[in-house]
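Here come two complexes built around chain A, the first alongside chain B, the second alongside chain C.
Here is the complex of A and B:
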């Protein structure tokens, strides 16, 4: 569970465009689902690699979002599913920016391919440097949202 | 697909498919990046396995090889080639495990900067963020018996 602050910021920025607060909350929790459900599967299967493979793949994103959306009230379920899936996709994209020396941060096309994909932009052990950047983005977002609310009033 | 019709069937099907994928990935993923301790425990089984060690510590340095310690449980192993740093430095490493020795053949190596030791701070912040997000989710979606009670109360 490394650097959930960056995952939160990555979902919160597009989330600011979502008017419905409940859908916004689903988008944000969606970005944590790959790690949360990965831990759950890990406890059941006792296999760290396998559990992360499922939750960080396209098929896993669709299935887990669908399963989670079933627990949302019916009128909100379809858009809730889209928000959860978008949140999970943002998580995987953020993970893929990491440079795992070619090992791959996600296996997107599981179960059809076990080839790992990554963009290789950020050293995963360097995430501590992202904390002040994340906080700055959150501060700007908070300022803009307050200003927008005042204009609306 | 998103209605309440056949709700239990949909729930069961989604859970079962995720479980099957989990078992499949667990089975197929077992050979992907095995733990260093597993390689050392069964060197012939894991000969030529490709490894990625996100974080390892240089224990000692010789002219043409060096030793690193990595994993949980921590295992010390020889790496062929010139050391990328001095003893005590942390590195990120990928390469191949060889059962003769056993030893490691380097493909890519990177010395980690000292601030990576602040990773605990990132993890503490992560826990705080997760708790805050769960609290926000609960605010919007938690079951509220009081509301139901009022809505379901007999009129008059």
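Here is the complex of A and C:
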């Protein structure tokens, strides 16, 4: 798994275009969900085989974001579901940049296909070295958002 | 699908479907990608499978490869390229015999011992920090929905 700061930045950048701050929060929370639920199933249900892969598959994205959206109040639920699903999809895309030796960083079509997918761009353990870049992107984003808010006022 | 009507039924159905997806996937993955521990009871049905080893430490070098630890004792990995004792490696391998797999692709994970804990530390801090920052956007009466209508 890539660190959650990288996932956070990957979701927070497009999230800056979402005007409703509650939906923006759901987009970011969505990007945390694949790892949180994967680890939860792994540790709580003691299911070491494939739990992380299911939460990083299309079926997992749809089911987990739908389940999570049920806890959002009714008027916001549909858009909340879309935000959670988009956040989870962004997470999987970021994970797919990793080079897992061709075995696949994700199995998108579980449980129907075990074929792994990856872009193979970066050593999985080196993702954590992106932290300074993540922080720089966050700083630029914070600066731009503050400036945009001042212009609006 | 997104209304409050039949909320419990919808939640139960989604949870049930997730359980089915998990169970079916777990079974299929367990067959296609046996765990290294299963090589202690090697049989021919493993022959065309793949064993994925992530973040294993090289314990000893051998003439035809190296040795790693598993929950059921040491396992042998056949590999011709140089690795050093103490290296962390990620390996895609195929079963080759009793307690033995043959590495098809191997990656030495330099700095694994500090990069992995750092990854988890950053992740926990980001999760707690973000939830703390956005806590006012949520209400804690689940029956009313978790998000505040106005904030």
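Just so it is clear, the second predicted complex is superposed on the first by the 147 of 153 C-alpha atoms of A that agree within 3 Å, B and C clash if a C-alpha of one lies under 4 Å from a C-alpha of the other, contacts with A are read in each partner's own complex, and residues count from 1 in each chain.
Just so it is clear, contacts are C-beta pairs under 8 Å (C-beta built on N, C-alpha and C of every residue); 3 or more make two chains touch, one makes a residue touch a chain.
All figures in this text were calculated on a predicted structure; none of them were measured in a lab.
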With the two structures overlaid on chain A, would chain B and chain C clash, or do they fit side by side?
clash
Just checking: does A:44 make contact with chain B only, chain C only, both, or neither of them? Give me first, second, both or neither.
first
Go through the superposed model and pick first if A:143 touches only chain B, second if only chain C, both, or neither.
neither
A:109 in the overlay: touching chain B, chain C, both, or neither? Say first, second, both or neither.
neither
Is A:70 contacted by the first partner chain B, the second partner chain C, both or neither?
both
May I ask you to decide whether A:131 touches chain B, chain C, both, or neither, giving the answer as first, second, both or neither?
both
Which partner does A:78 reach: the first (chain B), the second (chain C), both, or neither?
both
Which chain A residues contact chain B in one complex and chain C in the other?
1-5, 8, 21-22, 25-26, 28, 32, 41, 47, 49-51, 53-54, 59-60, 63-64, 66-67, 69-70, 72, 74, 77-78, 81, 100-103, 110-111, 114, 123-129, 131
Sort out for me which residues of chain B touch chain A in the complex.
2-4, 7, 10-11, 14-15, 17-18, 21-30, 32-33, 52, 54-55, 90, 92-94, 107-108, 110, 112-113, 115-116, 118-119, 121-123, 125-127, 129-130, 133-134, 136-137, 139-141
Please give the residue numbers of chain A that touch chain C in the complex, ascending.
1-5, 8, 21-22, 25-26, 28, 32, 35-36, 41, 47, 49-51, 53-54, 57, 59-60, 63-64, 66-67, 69-74, 76-78, 80-81, 99-103, 107, 110-111, 114, 123-129, 131
For chain A, which residues count as touching chain B in their complex?
1-5, 8, 21-22, 25-26, 28-29, 32, 41, 44-45, 47, 49-51, 53-54, 59-60, 63-64, 66-67, 69-70, 72, 74, 77-78, 81, 100-103, 110-111, 114, 123-129, 131
Could you please specify the touching residues of chain C with respect to chain A in the complex?
2-4, 7, 10-11, 14-15, 17-18, 21-22, 24-26, 28-30, 32-33, 35, 50, 52, 90-92, 105-107, 109-112, 115-116, 118-119, 122-124, 126-127, 130, 134, 137-138, 142, 144-149, 151
